[in-house]
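As written, the chain order gives the labels A, B and C, with residue 1 at the start of each chain.
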């Protein structure tokens, strides 16, 4: 009866981790075969016409394309297990390097957008759900629907046109050339590097460049948060324990705060975690809109160069990230909600 | 007929407050775009890739004028015409991808739910893996693979969207099949010796196919955003193949710096409006059909003055 | 519309009643019209007394309990007069109603599993409840009071900091009772407190409710469909049918000498050790949007007379104490000349019974 507390938490985490492994295997298999059954020869698609047929054949040999498919599949799985995502065909770089070089920009863009979405979306959703059909509910919901319905690039277009011009905010890239020149690269996260360098002007410049892209991406996620939090709040306020709290004479404010908001936010954690996929989709569009030098833009660059190696590596990385983030969310959820551990 | 009408009207008549207005507004907006899509050839002043009329070339990036109310773009195309034709492209892509999803997803879901076993487990794992993928990323990868085959056509984009949305169809059909399989009439059909194929076709299919239109409506808003995203990234439909709003906005982005607003504003607004309309329909339906969110239109309780006052009668 | 007949209604009460309900109505709004779930109910409850409220499902028992507490869904309306120690609680300001709730009026619910906030420890439930009503108490005092009630409910102090999901159903119901009683409310509504529990646990809870009087001097309105529990735990019983209390009086007398045919049939349909066959009341409770004219039980009543379908029965003193509403009992002078003839009942079809 009293196997309470944190005793069962490690076991729960272990269980979840074990469940993730087959999922990762299936995703990797899917990525490999989808990209391999593709018509045409990947190597000549990326390099065709640029180098001699002999060199092409050599590259093909070096990349293992002449070996049986099953052997290639095995190579792929074992190298991913060693965190080796292969090399790009067009410029012959390790994909992991591409990811570490460009992932930093994507990381702080998405984190900034996510924080913005949380700070704006959760309070608005809670209020809309608590005061159903009131004026704030109507306004916030409409806001939520509109920010979801407006494509990232269109919001970007409007911001560039109506906000960036009057305010003099930059609309392209993550910093001015001088900042990039002055700030030494340590973490590959420009914002962190700028802070580390102690160069005030550089930090300001980086933040200025961040405002519009983060707002654009943040608005998209914010709309989803408002809707999710609102529905959860609505359903929580109908729970039996909320009525029981009312029956004990707790004031409406306390019932809303202690039994409504808190309980409504627990399922939101899970759903918020699921928005990582949406965040990634949005990040690709935001980077393209604002010419943001992140991993999404890099992916598009390789796609336009028909570089199967790079696409496969980057997609593999994203797939792993999605699975691991959902695992992380489950674990956080178990830490917060005592029921989950059973 | 009458029963059907009342079933359609039920979400409207039984809801109250915001949910009702959302539903009405959403249906109206969606209807406007549907009309634009169906009657595009008659409604649009020009073709979607027409750069001259009556031997007169359209201006390049021309200001909105009486001849071109929404102006013209860099490729000399009439923006208004492309906005209207864009509705038709969106409709075509959504319908095609729903069709593909049904043709592939329904049989797979039926088989998976009906037979279970290893086939079911493998299919479920694959579909779950597809579902876990960021939708736009998946669509990008599929478009990338298809560029050499159907590149830049409506079909290619529809296939990309199919891969994104098929897990949902599969899942719904599989779960419905699983529960329907246990129903008494299926047992009865088995008892009289009906063959599996016949049971699936005759008894299960009808049961399962109901959920398709609902799922299609719920996914349509998302699908249109994905379509526009692909177009914006240049992985969707090419400008001369069809009018596609996302691609038009991406071309307009270059104009924003030079003070040209009309090439991006109108196609962008079209996306926002249509997605808003479809979302309103989805949310409105959700609030009327989902019992935990539903708020019924209650008749006001009017308590008449007491007609039974037994206590007084005793005292009299 | 206040009618004073305290000594008339309650046979035994010499004390001032804690709760005195007069002609209470609670109606629900629906899409088709108002459901008259409670339609003119009067009763009194003395300090420390337990009144059992019995009837079939859907007769308005729970609605009455919730109506008294003020826990009604959107679109519902209530009226009438409920005096709590002389104050009409139906006409209180929302703030005053909140202050009364929990402190003076408590409620125990049917499903203990979902009534505790899963994210809060038991201790936090007690703390927020006590703090709400007695903000000056220190944390230690709160703890002592909570532990004292928990001890009475048989829950060890070691479990004070546990989460709700760590308890069984029966323990959770005892927690709910403890949480209700910690503020020593003068009046508690217990809405089917044992229905969701198994039989052994049920006996335990009934025992606890039985001890309430001794331990807390609490007046209890015990809502149940289980006649056996009423016999065990209640002083008086009120039988409800289709939104009306058709008969009320002391448990011993009502059960020995039921005056209303519905009470009689309800008692016959309960299974006891001496039961030889199963009895049931044919038909189903009426539609409360448009209840039958006259006595609401007349379509199912084996003894129905012509007058029953035509005139509302009169609430009169019950022979042996209490009140009853049935033309069989009287008053004679109000029954028209042909009214005594047996009513020709429409055959209850199988469909009706289903």
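Keep in mind that, in the parts below, a residue touches a chain if its C-beta (ideal position, glycine included) is under 8 Å from a C-beta of that chain, and two chains touch if they have at least 3 such contacts.
Every value quoted in this text rests on a predicted model; they were computed, and no experiment measured them.
Under the contact definition, subunit A and subunit B share the contacting chains C. Chain pair with the highest count of contacting C-beta pairs: A-B.
Ranked by distance of CA centroids from subunit B, the top chain is C. Remark: subunit A and subunit B have CA centroids separated by 25 Å (rounded to whole angstrom). Centroid to centroid, with C-alpha atoms defining each point, subunit A and subunit C lie 55 Å apart. Centre-to-centre separation of subunit B and subunit C, using mean CA positions: 51 Å.
Touching two or more other chains at once are residues 295 of subunit B. By the touch criterion given at the top, residues 1, 3, 5, 8, 22-23, 25, 27-34, 39-40, 42, 74-77, 79, 312-317, 325 of subunit C touch subunit B in their complex. The residues of subunit B lying in touch with subunit A in their complex are 17-18, 125-126, 128-130, 132-137, 140-142, 144-145, 147-149, 221, 225, 228-229, 232-235, 246, 249-250, 252-253, 256-257, 261, 264-265, 268, 271-273, 275-276, 279-280, 283, 292-293, 295. Subunit C makes touch with subunit A in their complex at residues 69, 71, 98-103, 106-107, 109, 111, 114-120, 128-129, 132-133, 159, 162-163, 165-166, 168, 176, 179-180.
Interface residues of subunit A, counted against subunit C in their complex, comprise 1-2, 4, 239-241, 243-252, 254, 258-259, 262-263, 266, 337-339, 342. Touching subunit B in their complex are the following residues of subunit A: 22-23, 26-27, 30, 34-35, 38-40, 45, 132-133, 137-138, 141, 145-146, 148-154, 156-158, 160-161, 227, 231, 234-235, 238, 276-278, 280-282, 284-285, 288-289, 299-300, 303-304, 306, 311, 315, 318-319, 322-323, 326.
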